[in-house]
Structure formats: structure tokens, C-alpha cells
């Protein structure tokens, strides 16, 4: 298995998931008089659509960045990547739930576990490559790895907190998802600027 | 992040959105006797399908042309591009509304704002690249930039007019969308012929 | 616009349409006792699914073969290709109709016109390239062009006959679609063997 | 037809099918009080989703591995590959049935025949390439071919057994599908390690 073909396949899955999301924003079957109210009721669906759009976009950017430190791949890595794609392509499911049952605990918990599962798989892939010098690129230094580990720990802790809080106050969990997303987008940007 | 990978990812999203559009042209659940009438009733949906097909096709051509003036990309640009893809992949939503509620103001207004948002994001990207000499290609001259700015101003003014008119006469707004589309297709063609 | 990027974009649309077709084979909402009968009733949908799958596959092969005679492209060609993709990505619509109203005239007529429209666009593109020596590859000889023209005339005549017959006996039209498909698959194969 | 373009097209179909699967996990239309029960009822759909995700992923890995022994392709091979893609892109259909009617015989039998058909097509392609020295790569030795034949025989026998058992006890058939999947993932991995 060739690294660039795995990247192309993964890119395809990312592009498809991110574009399919809109199919789950279901326009209500009403006459025109009630369309305005129907669209107002769709706002939670639209917001969770936008959230997931950028979350998947962020995973795509992460995926690309991580692969820059990969020199070669083996079968185990291919299957870990498949598990990651499973969690990515699952995203439309909790996204739809969050839109349909806004600010309820079950959708938020499923959403949180989905993000957590994707992150843990990503972390597992990171460890796997770092520990095998024949697979990792020279650019994959201990400093890079350490910064990734810290990032994974912080994000996953925040997601676990979001899941825990969801049992009491799902709104706060929403807020955590959004804040983590924005922080990550800004952080990856500033990392770039530093380089 | 590599420029060609961002292009490939964007191409994927464009190709998927343009192909998904047909899924929203929903065939009525009738017996065969009423199929003919049902298909007649679908004509507005088919027309808005064709309109959006070429609008997205045009954005794809524009995206490609703009990227020819891009030498390198950075993270900010990646995220602006993600915002652009958000508005592109949102297109099936107002397209479906325009087909379901033909010549009504709400769908036309949403459609117009969607186009406007995509255009403004595209204009923002254009400015971003032009202002950074390390990111722009040598081919990105002041003359090219100026012609782009004029085009963006004219199109966006027309879209704003279309949105404003929609409150009084949505049919005219439709007409503006179609005329802008045809003008842009012909203009980009004649630009080519000039070169 | 680069030839290979147009090919990649077109390939994406072909791959998506061919894969989306299955979404329109809608499993009936019944309890398990009536599932067997429900699946029997789905056979027309499955057959038209298989027909369209290979029809789109054939267009993809044709598209690829035609592009081998293309040296360079211009904007007009890009937009003709967009029109072709419109008709290709429209295929799920008549495919679904043919499955839902088996052996009825309206679906068959729409299906036939869709194929005809795609073919005429393809023929138009072929002429366009052949007439412009700066766009066509050296391999595009008069003999190749003549054989293409004959093929287009024969196929389109058969489709027109199929559409005409559909008003009296849609089953025969089905047969023509299938026979043309098989002949084309076999012919393109034997062409290859000759070379 | 170029080998790498056929691979890219096939990759596109694999990526789309694997991502579309989630659209068939249909969230029940209930109020929030019954959502928990509704999600519990969805577990069979989710399990068959995960099963098919990895089955398609495995076919993708197989497809890639097989193509490494292909030096050149001809039209017949293109069409065999199209038949393979037909069976791959058909997967959402039996997957949905298995989720909707869990542990019933009809869905399991259709699923089994789908896998069998895909495998037999894959085996046919393997034979086709091996028998034509002008198409096969030098790496395609008799030993590689023999190990593939044994694998195809074993898997297909197991699928036939699964189909047969489904008439009496569909649960066991499920188990066979899962065990074959896991064995293949592990085997392809150890094959790699041997190399």
C-alpha cells in the first residue's frame, strides 16, 4: 500500500462526508405560509451542520499535517486509518441528532464520544508512527511528537468534560465543542506563523 | 498544506455537490395516471437544478482560474477556502427551496445571500493572495487583480439588487441570477479568446 | 484550464453518479412477512439500476477514449463538457422513473431523450476538437473521426427509434437500450483488439 | 485506458460507497422521550453498517494489492472491473436490509450472494491477468497466484456455507461473515510482515 494512495482515498472520504452533511438538513414539508417558521425551527440543524463542517475540515487538516511526518506505511497503519475514517464518516449521524433534538443530552453525548473516538484513533496512529523509525519521516522529532501528545491530552480531557457536563447542562457541552474547534483552528494557524 | 492537495480536495467537494443536486429533485409519489402532471409540477425544481448546476460549475472554473495566480498557500487561506466550500456545499438547500416554492421571495432571498456569501469569500481570498507577494504567482499582476475587483463589485451589486427586488417581484430576481450566470460564462470565454 | 484537471473533475462526477444510483432503489417499508414480495416488486428498479450503471460506465470509457485525441482544451470545450456532465448526473432521475413505472412510456421516453442529449453533446465535443487542429492530438486522424461520426449517427438513430416506439410498445424500447449497450461494450472491445 | 486512471476511478467508487453507508442508518422519527429506545433499536443497523464499512475497506485493500501485479490493462479487464464495482456499490442495499430485519434469512442470503459475486469477479480478474503475460507484472509469480487461488476458494466456500446455514440459523451466518472479515484483515497483515 502506497502512502499517497491512502491519502487520496482518505481525502475522498473527507470530501464526501463534508458535502453529504447538507442532505441531513431536512426542509420541513409545509406550505409556503409556514415556511418562515419552519426555517426558524431549522436553525439548530443549520448550526450543528456548520459545526460539523468545520470539525471535519479540521480533521482533514490534521490528517494532512500528521501524514507529513509519515515516511512509509504498513498494513496495521492502513487499518487504523480505516477506523479513523469510520468515525469521520459516522459524523452525519450525531450531527443530525444534535439538530433534531437541540440542547438535549443524548445527542451531545453521542457527538462527544464520536469526537473522542476519532481523536483516540488519531493519537494511536501518531504513537504507532513515532515508535517505528522505519515508518516515520526525519521531520518527526521528539519536540513535534511531544506537542502532539499534549494537544491530544488537552482536547480529549475537554471532550470528556463536555460529555460529563452534558448530563446536567448540554448547552455548556455545545460551548466546549465550539471553543475547542475555534482554539484548534487558531492554534494550527499560529503554529504555522511560528514556522 | 500543499496547494495541489487543497485543489484536489476542493475539486472533490465541487464534483460531489454538483452531482448530489439531482437527489433533491424528488419524484412525486403518485400512480402512473398522475405522473405526467407530477412531472409538469416538477419543472420549477428542474429549472433550479439546472441553474445551480451551472452556478456551481462556474464557481469551479473560477476557483481553478484564481488558483493559477496562487504560488503558495498558508493556513489562513486554507480556512478561507473551507468557508468558501461551506457556501458551495450549502447550495442544495436553497436550490431545493427555489424548486419547491417557485417564484416566492424567501427561497430567492436565501439563494441570493448564499451566492453573495460565496462571492464575498472568494473576493476575500483574492485580496489575501494579492496582498502577499510571497503567496501570489508572478502572473498575478495589478491589471488582473483590478479586473477581478471590478467583476466582484459588479456581480455582488447585481446580487444585492436581486435580493432587494425579491421582496417585490421574485421573478425579476430569477432573471438576474440567470443573466449574471450567462454573462459570466460568456465573459470568461471571451477573456480566453482575447488571450 | 488544464486538460488533466477537467478529466479528474469529470471522473469524479462519473464515479459519484454511478455510486449514487443505488440510493434510488428504495426498499419498501413492510414487515418481514411481506419482504419477499416487496423485493420481487423491486426487480424492475434493480434492472434499471444495472442498466444505468453500465450506461454510465460506458460513457466514462467513451469520455476517456475521446480525451486521448484531445491535445489542449479551451473554455468553450470546458462548458460543453459541463453540459455533458449535466446529462450524466441527471441519469438517476429517469432511472428511478423506469424502475418505479416499469414498461410505461413516459419514463422510457425521458430515458431515451437523456441518452440522446448526452450523445449529441458528446458528438458536438468531438466535432469541436476535430475542427481545431490546435486542440486535437496528432492521433486524431480523419479515419478515427469518421468512425466516431458513423457510430454517433447509428446510436442516435437507434435511440430516436426507441423513443418513437415507446409510444406504442415501451418493452421494445427497453430492448433497444440493452442491445445498444451490449453492442457498444463489445464494439469498443473489438476496436481495441484491432489496434 | 490507463491503469492509474482505472485505479483512481475505482478508488472514487470505493470512497463514495463507504461514506454513503451512514445515510442508510435512518434515525427514527420520534419525540425525545422515545429517542433512547429508538437508538437501541438501531443497534442492528449500526452493526451491519460497521461490518460493511470494513468489508468494503477490505475490498479496497485487496483491489490495490491485486493491481500491483497488473502491468497493463485492456478493455475486457476494464469491464470486469466495472462488474466488480457494481457489486461493491450494491452493498448499501443488503446492508440496509440486514439492519432493518436483523437475524432474518433473506437479508443474510442476499448479503452472502453479494459478497460471493464480488469475490468471484475478483477471482475472474485475477485469472485473467495471470493468464496474459503481456498484462501481468513480473512480480506476479506462480506462488503469489496459487496463494490467491487458495484464499478465494476458502473464502467462497465459507460464504456458500454461510448462505446455506442462513436458511436454518442466520445468526451463525452473521458470525461467519465477521470471522472471515477478521481473519482476512489479520492474514493480509501477516502476509505483509512476511514480506
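Chains here go by letter, A, B, C and D, matching the order in which they are written, and residues are numbered from 1 within each.
We adopt the following convention: contacts are C-beta pairs under 8 Å (C-beta built on N, C-alpha and C of every residue); 3 or more make two chains touch, one makes a residue touch a chain.
Predicted model only: the values in this text are computed from it and were never measured.
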For copies chain B and chain C, work out whether under half or over half of the interface numbers are shared, and give different or same accordingly. different
Give the rotation angle, in degrees and rounded to the nearest 5, that superposes the C-alpha atoms of chain C onto those of its identical copy chain D. 90
Centroid of chain A to centroid of chain D, CA atoms only: how many Å? 27
When the C-alpha atoms of chain A and chain C are each averaged to a single point, how far apart are the two points in Å? 38
Mark out which residues of chain C touch at least two other chains, giving numbers and ranges. 8, 12, 16, 20, 23
So how do the chains connect up here, line, ring, star, complete, or something else (other)? ring
State which pairs of chains touch, listing all of them. A-B, A-D, B-C, C-D
Taking the complex as given, what residues does chain B use to touch chain A? 1-2, 5, 8-9, 12-13, 16-17, 20, 23, 74-76, 78-79, 82, 85-86, 89-90, 92-93, 96-97, 100-101, 104, 106
Could you list, by residue number, the parts of chain A that touch chain B in their complex? 7-8, 11-12, 14-16, 18-23, 25, 27, 32, 35-36, 39, 50, 53-54, 57, 60-61, 64-65, 185, 188-189, 192
